[in-house]
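Take a look at the structure set out below.
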Amino acid sequence: MITLTHFMVVSAGLFCIGLFIIVSKKNAIQVLLGIELMLNAAILNMVAFSRYDRVNNGGQMFALFAIVLAAATTAVALAIILNVYRRYKTINPDEINQLKDQ
Amino acid sequence: MVQVMFYVMSFVTLGSAFIVAAGKNLVRSIFMFFITLFGLAGLYVLALADFVAVTQVVIYVGGILVLILFAFMLSGKQALAALDQQKSKFISLKNFPAFILAGLFLVVMLNIILKANAPGLQWIQDAKSGHNIIPVNESMVNNIGINLMTRYLLPFEVISVLLMLALVGAAHLARKEEKV
Amino acid sequence: MNQPLSHTDAQTVTLALIAVLLPFAAFVINFLVLGKSKATGWVSTLAILASAVLGITVFFKVWDKQVMHVQYLWFTIGTTKLYAGVLLNNLSVLLLALVSVIALPVHIYSTAYMNDDEGYGHYFRYLSFFCFSMLALVVVDNLMLFYAFWELVGFSSYLLIGFWFTRDSAVIANKKAFIMNRIGDIGLLTAIIILFTQYHTFDIAALFGSDGLIVRSVITHGEWVGPVGHIPAVWQYVAFGGIFLAVAAKSAQFPLHTWLPDAMEGPTSVSALIHAATMVAAGVFLLGRAYALFTETELTILAFVGCFTAFMAATIALTQNDLKRILAYSTISQLGFMVMAMGVGAYASSLFHLATHAFFKCLLFLVAGIVIHQVKHIKDDNNLDIDPQNILHLGGLRKKLPLTFIAAIIGGLALIGLPLTSGYLSKDGILIQSFEWSEGRNIFFKLVPTFGLLNTWLTAFYVSRLIIKVFFGEFRLQKMNPHIKIHIGDGSWQYKLPLILLAVCCLFPLFSLNPLLYEDAWLFHGFFQINFLVRSNMYHTIIPALVNVLSIGVMYGAWMLYVKRNTWSVPQTGFLFRMSCNEWYIDKFYNRVIVKFVLILSDTLYWFDIKVVDGLVNLIQSIGIAFSKMAAWFDHYIIDGLLNLLAAVVQGIGDFARRFQRGKVQYYLYSMLLALIVVFILKILIWT
Amino acid sequence: MNILTLLIFAPILFGFIILLLPSSWRASFKYITLIATLLQLGISIWIYLNFKTGPTNAGINFVDEFQFVQKLPWIHLDLGSAGSMQIDYFVGIDGISVTLLVMTCLVMVIAAVASWEIKGNLKGFFALFLLLDMAVIGVFCALDFFLFYTFYELMLLPLYFLIGMWGGARREYAAIKFFLYTLFGSVFMLLVMVGLYLSVKDPVTGNHTFNMIYMMDQANYIQGSVFSVLSNATLLGMPARTVGFVVLFIAFAIKVPVVPLHTWLPDAHVEAPTPVSIILAGVLLKIGGYGIIRICMSLFPDVAHSGAFWLGLLGVISILYGAFNALAQRDLKRMIAYSSVSHMGFVLLGLASQTAEGVSGAVMQMVSHGFLSTMLFFLVGVVYNRVHNRDIYNFRGLGTLMPKYTVYIMIAFFASLGLPGFSAFIAEAFSLAGAFKSHSVNGLLPYWMAVCGSVGILLSAAYLLWTLQRMFFGKIALKGGDIWKNALTDLNTRETLTLLPLALMALALGLMPSLVFAKINDSVLALVEFLQIK
């Protein structure tokens, strides 16, 4: 029997991997991938819980919305990354620090 | 059988995600991410959300990943060259804080998940007892479609507008700037 | 005072004034109009000629006839009115005539003597100015004016001594002369101020007149009581001291005599007029003017100082080799004689000697001037490196300069005081009276006449030595340098005329028809209080005889010594000789001790000023600065420090906080998540 | 328009003109200044000629005896119960001031001519110069203590800048030293002034007043006030009036300067540019002497009487000390500065005697020293301008090189060493005569002071003649060699025209002292009488 806890453990693992990617990678696209991973971890949770809502299908609905939003986010993020690359010739987020003083 | 499927899918998902995290080569990471997404879609199916799984495959795999690949494959050679120059090892002192953080998060989350005992939650027990639970053999697509057009109409429309805005914005951002 | 004058009197005074002012007019004309032109000499000479004529006229009108005193208000200060005026009495007219008459030949002489000099114009300017000051000095009636001209005389002497101002020795000499005279001046000024305080007036006639204020005052009980007030008696002595200093400075008496030999750096004609005949006599003139002031003791002091000066100068003159220096010391000696005469009460004799001395000393200087001038020609013609004034180079000039030789003989004899000359008359008078003065006093007072007598013999010796060395024997310069060309002579009439004129004046007829008895001299009768005109004792016979016989003996000795080269000679290395040769070391003493002392004192005071006074100021300043620095430090570190500390803390916190804001997205995220996880962990721990 | 007011404020008008003109007209500034000073000289001569003498015009302590008086209410504040504050614009002159005024105006003309040498920042220089001019004249005319103080302080400012900006190498040091010294004096003066103000009532209006003439009359003092004679108040354990006198005396003694307070003078003189040196020596020092007469001695006659010995002693010390110091100098300007100390000592000695002769001599000495020190500093400026060196040892035989210059320097030297025929002789002789007479007249000064003072005359001869001999006579030998020889040209026409009037004035005053004495005599007698009453 596959319980909710199983799904949540997988989701937690996925989330932590995403987190690790976000924090450690020096490449904006990889960071984006990490974000996607975390999003998917969240979606997995929603989908897992949606089983107990037969009438309204709230979990699935929000999973769908999240997927769509993730697509939009990705599109915008990629556009930003491209722009950043054009301006700074790098996509290392550490080096994009023009807002900092000094 | 179902359980075996679940473990396989979980393994595929987490393993490929791990490779994404460890991989030096960006392109390989992206393809690994592709696999992760498929794995996830499989998990959705196991969670009795076949419509979501399909959507996942269509939008993520067909849309987002292709978008990512195209985005920097079209953006020119230098970008790829720059992106390739990642020499840091997966296990290194630099990544140590990230490991700790991720590890801590994992520990805490697992802790919480195990303590929370999700299947024993009140509303889940209520749903079980009130048969408000998706049966394994029933398709939810019809129900989703109705809900989407009735109960979730407003969010649906807002999302669609947002999506359009995002796409237009992305297109605007991504266009070649004229030399200033 | 201002009694109406008769017409003739007013005329006389005017004439006297004109006589005084003519040289001044000449000075002004020379200064403003003529510049360097040769005409200056003639303007000055004409002026002095007219002055001389007027002076003699005035002399005859006033001498033994009347005293004239005219004055006008000069200015008022407080309640004191100062009058400027002219006082003509026997003393002043005598000097008036004497100065103008002697100045005349000197002027004539100078036109030739200074002819080649660049400063010809300057010279006559100064000379006229001197004549003006000197003539004014003798006629003024007011102590303030007297002092003024007294100093102006010194000033013109300063100018003339330093006439060749490019020579260092000349300018050092004139500085010395002026400062020495300045010492006398402040003495005189002090005396004048004391008299003014005591009598509230500067008027000479009122003060020193025969029934003047001074005669009517007495010294009793330590107070000097006069008709209008009294001050402590010590100030009477100070007044005497002041006048004595003035006399000593002007008339070159010990201890202020050292400037006079140095003053010979001036042109010889100047030495003749100023430093032999006239200016130096001003001291004696002052004694004559202020005679009433002196007490018995003070007169005795004068007598001793004069006597000492005379003796000292005579001994120094014995060994000098510089022609003019010998004459200068001789002048000092003779002036000492006059002062001594004043001291022993031989008032008339003293002034008599002043007059006669003026003529013969002037004559001797002019002779010396001719000799020097001629030798200088030789020197210039032959490019010799010699001192033209050194008598050791000279000799045998009597054939080359016959007139000069005769003049020198006459002048020399007059200086020695042999009969038939004017010097005999005046000198014997002094000697006889000094003997009479010492009569009845203790042995100590006998020193004065004894040394006076000794002095005449010394005089006889050095005069003989001088004349013999210069005019007899053979020309040593030629002997040393056989090839030199010599063509010299007495020179033009401008040289000869003055010599003749003065030589005539050195003979007895001008002063007395009887060549042997000084009492018969008319000049002698012109002055009051002469009480021993009677030939009452043996001195009147013995002394002239003694003096003359021995003088002749001495002259013979000198002749033998220098001309015949007899075996005996004075040891040239003895103490006495060195003492004489070095002028008794007085000048050296002054330079080594007094001048040095003053300089050291001034340096010390300057050091004091810089280090102590200014140092104190700077110290206060430093303390102030230190205080302000401390305050600033306090301000900076304590008060500001608190503020800065606050600021630093804030900044530190800011810096610390800012470290998180380094613009690294992942870092933000990391820290955010870390915080989150910490919260979670805590939550869990608390929850459990 | 009151003629004195015109005299005081004429220069400031010209100063405004200069300020308004553009800097490109800077060449004309000196002419404007010269015109201003000449105008002033004209006015002052007119005043001098129209100055009435006689016992009824003596001035000193009677308001109606002052001449050319103008009195305008200046600051009148009603302070309610505390009465009303009364400060008048009150100017007027008596015999003491009038000769000093003429002297000052002439010195100012000379200083203006000497300013030809100034090269930098002409506008500032001449504006400050004219401001200084105004303040100086104002000091001599003011009869209201507050007005006096205002002018007195107003002098400091331009002087500080004139020395500090146009001076020599150590100018900042000198300027600050000068400023601190004089400020030190005047700050305490302010306290005494306020004390006097609070002690005195105007007999007409009943208000407190700054009127100096009223301050001289004991009847106007409020009973029991600090400076009233009758109250015998004490300050710091000493009688209040003594303290007041001493404080005022110190303030003016700094200006004179009297010996322990003199060290600003050599520095300020040496560093100041020539025109400022001229004003400093010619005019500023006289303000000290004038202040002692007009304020110290007149307001506190009783203390002046009892303290005369000390004043005289300071005078004698100044004379001798200044002379000895001058003897030790090798900088020509410094030597002259010290000689000023020595000469101004005679002023103090004469004043301390409180006899007619002494006070007249002192005033005469101030006038005479005004001309002579002007001349001396101008002459030093001539050499300094040519070769920028003043060391006595560096020159020799200037007499051959610059005959006209030597003539003037001899005139100046001999005049200041007191050669008869020049003004200093009369002045020094009578200062000493007064000092000597003092003992038998009023018993203030012992006899020996005058005798010691006369030694100063001897020393002045020593250092001046030494300088003459060292610098001007002898063979030409210059440190700078031929460059200097070419640079040291004789006096030009402008310089001759400047020096000639000064020499003539010194001569005229020496021959006709009545030019001064006739004007001051009544005032001096009144002053002496006034002082003896106490």
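Just so it is clear, A, B, C and D label the chains in written order, and each chain counts residues from 1 on its own.
Keep in mind that, in the parts below, a residue touches a chain if its C-beta (ideal position, glycine included) is under 8 Å from a C-beta of that chain, and two chains touch if they have at least 3 such contacts.
Just so it is clear, the model here is predicted, and its values are computed rather than measured.
Among the chains, the centre nearest to the mean of all shown protein C-alpha atoms is found for D. Computed from the mean C-alpha positions, the centre of chain A lies at a distance of 7 Å from the centre of chain B. Between chain B and chain C, the centres computed from C-alpha atoms are 127 Å apart. Distance between chain C and chain D, defined via averaged C-alpha coordinates, is recorded as 35 Å. Per-chain Cα centroids separate chain B from chain D by 102 Å. Each of the following residues of chain C touches two or more other chains: 670, 673. Taken residue by residue, chain A touches two or more other chains at 19, 23-24, whereas all remaining positions touch fewer.
Annotation, chain-chain contacts: A-B, A-C, B-C, C-D (touch as defined at the top). Interface of chain A with chain C (complex): residues 19, 22-24, 31, 93-94, 96-101. Against chain A, the residues of chain C that register as touching in their complex are 658, 661-667, 669-670, 673. Considering their complex, residues 1-10, 12-21, 23-24, 26-27, 29-30, 32-34, 36-37, 40, 43-44, 47-57, 59-61, 63-65, 67-76, 78-83, 85-86, 89-91 of chain A touch chain B. By the touch rule above, chain C contacts chain B in their complex via residues 670, 673-674, 677, 680-681, 684.
Those residues of chain B that touch chain A in the shared complex are 2-3, 6, 10, 13-14, 17-18, 20-21, 26, 29-30, 33, 36-37, 40, 43-44, 46-49, 51-52, 55-56, 59-60, 63-64, 67-68, 71-72, 75, 78-79, 82-83, 86, 88, 94-95, 97-99, 101-103, 105-106, 109-110, 113-114, 117-119, 123-124, 127-128, 131-135, 140, 143-144, 147-148, 151-152, 155-156, 159, 162-163, 166-167, 169-174, 177.
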